[in-house]
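Residue numbering begins at 1 within each chain, and the chains themselves are lettered A, B, C and D in the order written.
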């Protein structure tokens, strides 16, 4: 399989389908079955203690898998998340962006499964991990 | 075990620890090991197609378990989510609030486990389910 | 929706498709979108400490969802598990059978989602919970 | 952190604490925060279609995380699984052993989190993935 969307095309598509969060997700890398997406952490992503909120981490992991699937199959805005598992392991470092490293483990006709590690940029150990399953609409 | 916080005390505490979202989570019911929390759905919770976003559903489930744990053990802002599993089963109905029905399955010395069903208010079948584990700080 | 298989038909089908474990799963109750399956605990299900092993609990939860799906859609041996989340909350009581209470939360054209609580028979609090997703083969 | 148990010591300990399955789990590699454990697939692990059963895959993933934790903290038979998420992505190849590659993502004072990819030996894409959380008993 080869990429249907390169880095620029993927960034443009994300900004188009999520206009309310345009600019919030920066495509850093996109390869076959793999991508890295960065979230520039802003005030609205924080919760007391100045750590990144859980919903923000979920959102970034979700977008990372969506983006990696789309990069492979092309623009299909209708792929939907069917399930997710998350483990929160460390507090994200204050004042650092979050980076999602996503690997597609499966890209089937009906289901795609992506594994995500979330890092505070520059740190070695992940702050969280997630696996998400997407249902892919029939052609 | 009995309740440490009643409905009013729990509502006040949630508004205090999450000032940035005060008023977003309405405690409808609180009982031993059980609560119902409603999210008045607003524009910012929606995504294209006018359905409630995944991060919003995660956030509501997370808050519901947190609230149910606190109602039982009293004010401990430091309880933290360690893991979560989510299944998204139906699109939330447009224009309806979301209601989380949370049952604590375990309330141990170190870990608490809560099961949540999320409903579009007035609908019979859940839109999503979630299980969250919280780590409880030592006294 | 109505039941395609009643209690006797479901028991017969389970014994037929899992001949190597015939008699290990006892269908106690089957209703629309709900079933109860009992595992008579034997020596081979135990691990040190004489508690029921994790794989045994996984197996019972998996079979319970499979059985509840089949009761609704009829004999389709090819439905396959695509994902599972499990939480282990208490040690199963020694010398007591395990009972799975399974509720289908979704029975779609392509995916089914079942929620399971596992009990040591006669105990009030569950020993474990599980959610399993099954992929249903096209007709 | 350094290893408390090397390959030989870890193999001996697994055979000792799981006497009923001695020889079923072969420690292939053990490093800091990482191990590879092989399951020689036998008739009893198969189900109709001659594919490896789900409970067998759960068991191997569970043992792999347990072994990797013990290699780091030394012999503590009492570490217990508290939660697990699993995704089944492909049918295991018939007649091939299963190999678990386990990475510890967290090794805390109270909780350890391990990520596992399961492979049919010699295949490039994983048949399943799992994340397990272990609760570590206080000293």
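The criterion applied here is as follows: a residue touches a chain if its C-beta (ideal position, glycine included) is under 8 Å from a C-beta of that chain, and two chains touch if they have at least 3 such contacts.
Just so we're clear, the structure is a prediction, and the values are computed from it rather than from any experiment.
By the document's definition of touch, common neighbours of chain A and chain D comprise B, C.
Counting C-beta pairs in contact, the pair that comes out ahead of the other among C-D and B-C is C-D. Relative to chain D, the most remote chain by averaged C-alpha coordinates is B.
Rounded to a whole number, the gap between the C-alpha centres of chain C and chain D is 24 angstrom. Each chain gets one centre point, the mean of its Cα atoms, and the points for chain A and chain C are 34 Å apart.
In this assembly, the C-alpha centroid of chain B lies 28 Å from the C-alpha centroid of chain C. For chain A, residues touching at least two other chains, in rising order: 82-83, 85, 87, 133.
Interface residues of chain C, counted against chain B in their complex, comprise 85, 87, 89-90, 105-106, 113, 115, 117, 125-126, 129, 131, 133. Against chain B, in their complex, chain D makes its touches with residues 82-83, 85, 110-111, 133, 135. Those residues of chain D that touch chain C in the shared complex are 17-18, 20, 47-48, 53-56, 58-59, 62, 77, 80-88.
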